[in-house]
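Residue numbering begins at 1 within each chain, and the chains themselves are lettered A, B, C and D in the order written.
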Amino acid sequence: MGQWFVAPILAPLSRRLVELLVLLFCVTTLLFFLVRLAGDPAVIMAGEGASQQDVAAIRQFYGFDQPLILQYVHYLARLARLDFGQSISNGLPALRMVIERLPATLLLAIAAIAMTAAIAVPLGAWLGARAERPARRGAATLVFIAQGIPGYVVGLLLIQLFAVELGWLPSIGDETRVSWILPTLTLAAFLVPKLTRVVATSVSESMNEDYVRTAAALGLSDAAILWRHVLPNAVLAATALLGTQFAYLFSGALTTEVIFAWPGLGRLLVNSVQVLDFPVVQASVFVVGALVFAVNALTDIALRLIDPRLRRSAA
Amino acid sequence: MTTARGVLPFRLRLPLRAPWQLMAGGIIVAILVALALFSFFAPPADATRGSLLLRFRAPGTPGLLLGSDQLGRSLGSRALSGLPWSIGIASVATGIALLLGTTLGVLGAFYGGRVRAAVGLAVDTVIAFPALVLAVTVIAVIGRGFWPIAITLGLSTWPIAARVARAAALGILARDYVTAAKLLGVGPIAILLTHVLPALLPVLLVMAAFIFADMLILESALSFLGLGPPLSTPSWGNMLADSRQFLTQAPWMMLVPAGCIVVAVVGLNLLGDGLAARTQARMTGMP
Amino acid sequence: MSALLQVRDLSVTFPVGHGTLQAVDSVSFDLARGETLGLVGESGSGKSTLAFALMRAHPIASGSIAFDGHDTVALSGGALKSLRRRMQMVFQNPYASLDPRMTIHRILAEPLVAHGVSKQDHGEIIAQMLRRVGLSDEAAGRYPGQFSGGQRQRIAIARALVLRPEILILDEPVSALDVSIQAQVINLLRDLQAEFKIAYLVIAHDLPLIHQISDRIAVLYLGRIVETASADAIVRQPQHPYTAALLSASPARDPSERRERIVLKGEPPSPIRRPSGCAFHPRCPIATDRCTVETPMLAEAATGHSVACHYPGRIKSPIAL
Amino acid sequence: MTLLSARNLTVEINAVPIVDGIDLDLASGEALGIVGESGSGKTMTALALIGLTPPAATIRADTLTIAGNDVLALDPRQRRALGGSVMSMVFQDPMTGLNPVRSIGSLLIEAIRRHQTIDAARARQLGLQALADVGIPDPVARFSAYPHELSGGMRQRVMIALALVNRPALIIADEPTTALDATIQAQILELMRARMRDAALILITHDLGVAAELCGRIAVMYHGRIVEEAPVADLLARPAHPYTCGLLTAVPRFDPARPRLMPIPGAPLPASERLPGCAFAPRCPRARDICRAQVPALAEIASGRKVACHFPEAVA
């Protein structure tokens, strides 16, 4: 063990880090100039019906009266110290508000990913193992149609069915365990059809690979071929997909949290956007970017650990 | 003897030998576009003006095929009036994403070195960021409206198009017949026009269908979050947002717009899938 | 008379990771007008890279290529384009080298358009060339997918010849074809050469095939020419042990061709980790300590027969001609 | 002792006979070469014997017995279980034939324990021995290696080790050296010659020379049928079928005179097309009316020599 083993695993991180820095720089810069383009930020922040003095005070407090380039430099300098300022609505530090909301979103995302994998991997394996059979072709079509149903519509349908019609489950997220069920299902609904199709495709393609033919020629049973030769490859494909789709999942979290009044980062962002609470918006966007970076980096490492071709290709 | 593969999928006679997905998807999308054009030029009146006497009518009520909402407005008409908005935004956004994405993707494939690295970094960076978060933030700042939403959605989706176009173009450029053309003295622009773009076209068509479906979903999600057209304007997302207060009283208020979105998205996905099967376009890099 | 193509100390490198890969290493040879030179070697010997370097489709690290007395290494733009008019290439796989979306007419017209041949003449030139490679006129209106592998390779040859080049590089021209079709294409190539007086550079791994069509043969190992001589001399009196091993490795197709097999140890090493001294020494049955440290230079062992080996001719030819 | 006997073996895909009623007989320890071009049905024959034809294919035969098993009467599980134990197969492409995410050792242990009830430690021993037997240097290190870490020649050795590890009575090798370089091909042929003495061998190849190296008897296939079958020396010295003659004259050989090759005109008939007569007739220099009207049967013309031709060359 030494550098030859660790280096190839950590190698992709440097590129990811560059991406993260570019991403954060672009997004924050975009926000800075958009806010200035959209009109006088002091007027926007003061809200409707604010007095001239209020606007002037805000303008001076946030430095909106200084030259644009100077504002930008100050802005970047504050960001470098992770200082996003205070929320306009309640005066709390923006970053702290965001960090406080983070666990709720993260836990929901982890639960949804676990549920996605638990549904999609067996379903995909079943669909792909004998893709040519009529029953499975029909089922594959259903999965395909399901992919057309937006996740948040699934959430509304679930509420309609389980909360309104049957009254079995609460429709609002609270402290109870059962309140997790519907939001988790909703968020999982964003990825289940996609992942199922990826696993099914990987399985059915693997079934036609030469190495499966080799295994069959050696007398291995269909079950052994599926479990030991086909699924390991499908799991790699599934892991890669979940890694790249985390950003998509986060888009889903935005609507899911609004529907279920979930106290997470997504709802905070939507609420802040609606009241134009820019410090909180900036902090949220910053944290989301960092989060996606962390997940992608973790996926890269995981893939390098479980895929022998990546693990030792450099050696 | 194998027959030559078609140059353009739409130049071929559709009905015979076309996969059923292509037929079904094509019909659904054609109907949607026709309805959108119809309601754009002749907007149904009872979409915005309802009668309070006709509140919460269940689907099937005479004159109200799909039922009515809390203000007695016809849900069918409202769904119809929402079409031009949704289809319009999705068209513009898809156009922007395809144009920008294909241009950058093909450039990244054609020129190696720094151009490819820069395009790659830009693509990976933007793709790593949740599109809805970006759209929500930008639209909140610059304001709602048709063009801001359409442009923002297009700009947040181009990397997907770029990635697919780049992968496809790289595959085409690596083929022997392109190398042969280079060695015959054919110039880069002629190679792009005669070899790369024709082979890329099926991939672009398939991709357009899938991106269009994604744009419909994103647009309705924005409306649902209150960032679409003004609340009184009919749009599928707005209708869904409205329906949430009346889930017990009038579940059809949710089911009608939800059904519209599902039919439209499934239709587009079927079209894309059918095109892919028909043209044997391989989509690499498409999520 | 000087050779049509003069290659001197040509090297081609690729960047790999932190280092460079020497794919072609100081290769020198001449090709005369109307002559056929066969390049034989295994995968990794650099034979295809050499072909692309000669076509100026790869950056050249060092060395010179003179075409008809003019250096081509520095060419670019229009001058490079006119070089391509005089030097063409046929690829191994005729299923990949023709654009499936183009008619045969468009495929054959492509080089004519690129080099500004008047459009009025296209029809006549193309019809003539199609007939010359054994296809009918109406082939022009069809697509590559409607032809068999052998016919496609005829089309690829027609495309390469449509500008009447003086040199044709053939990269494994028949190895993708069925055995019974190969001979048709080989005979066609010989006839075309006799008719148009083209020089061929044939790249192949199949020694009997190379021997069949080449005047001279150069054997490549790990990017270097280890032996070059007339086709018969290579087969009759191979000087390099690698050449002898290659000869013995090609399966006999005739019971009268019994031969003793020389089975080499190991596999061709990667050009990234080139062995010291003679690159062949780890696999050589007669290597000595000297071979591990001292790199043998290509030197003339007999008239027109050069070899890069410290102990040339120690292994006799396994082939009795 | 007869190891394999097939009568009227037919493989159809979408009602197209890819293999069209062939007879095969093989004694224990014998080596038979099946030679043909692409589309001749040679690979489908091999897949039918090992039971790995694609789902769309149907196999029919009057009899098909392998090592005493009436293969057609077995259920799919029993049929599969013959693979690896009674017979095994070496495929053409060693680059794709080994699972990329499985180590060499785990593949070997899996194959061994499928057919032998022994513990993992013993299976490991047998696996290491199998690697050593096929000439893989440092088997202990290679045991934990993954396929992508080995060269093409080494992978083909691993494929052979996998095929041999349970000591099957029959090995079917489909173009085992085609994807390899000349010097590596020589090594693998040498290895197969040395290691397959105990088992019977069916070698599928397009190269008469390769078949001649390893096999005592050769069957030449054209368009789904066996057109000629003979001991190797006889076949090479005095071919009887015009197609075999054509194959021999079409291939370059080391001849200082370098005579013009004598190609077979035309191209092979696509498998989906049928002719009322001999499938080779359109390319045959000796074809007459009867050749275009009537399919010639495979008939014995001399001891051990069979040919399916109305006008075969004299062989005596």
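The rule we apply is simple: contacts are C-beta pairs under 8 Å (C-beta built on N, C-alpha and C of every residue); 3 or more make two chains touch, one makes a residue touch a chain.
Predicted, not measured: the structure shown is a model, and the values here were computed from it.
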Between chain D and chain B, distance of the C-alpha-averaged centres to the nearest whole Å: 52
Between chain A and chain B, centroid-to-centroid distance (C-alpha), Å: 21
Centre-of-Cα separation between chain D and chain C, whole angstrom: 32
Overlap residues in chain D, where contacts from two or more other chains coincide: none
Residues within chain B bordering two or more other chains: 1
Multi-chain contact sites of chain C, meaning residues that touch two or more partners: none
Arrangement of touching chains [line / ring / star / complete / other]: ring
Touching pairs among all chains present in the structure: A-B, A-D, B-C, C-D
Residue ranges of chain C in contact with chain D within the complex: 42-43, 148, 150-151, 178-184, 186-187, 190, 205-209, 211-213, 231-232, 235-236, 245-255, 257, 261, 263-264, 267-268, 283, 319, 321
Of chain A, residues touching chain B in the complex: 18-19, 22-23, 26-27, 30-31, 34-35, 37-38, 144-145, 147-150, 152-153, 156-157, 159-160, 164-165, 194, 241, 244-245, 247-248, 250-251, 254-255, 258-259, 269-270, 273-274, 276, 281, 284-285, 288-289, 292-293, 296
Residue ranges of chain B touching chain C (in the complex, touch as defined): 1-5, 7, 175-177, 179-187, 190, 194-195, 198-199
Complex interface listing, chain D residues touching chain A: 50, 52, 55, 77, 80-85, 88-89, 91, 93, 96-103, 110-111, 114-115, 146, 148-149, 159, 162-163
List of chain D residues in touch with chain C within their complex: 37-38, 151, 153-154, 181-187, 189-190, 206-210, 212-213, 233, 236-237, 246-256, 258, 260-265, 267-268, 283
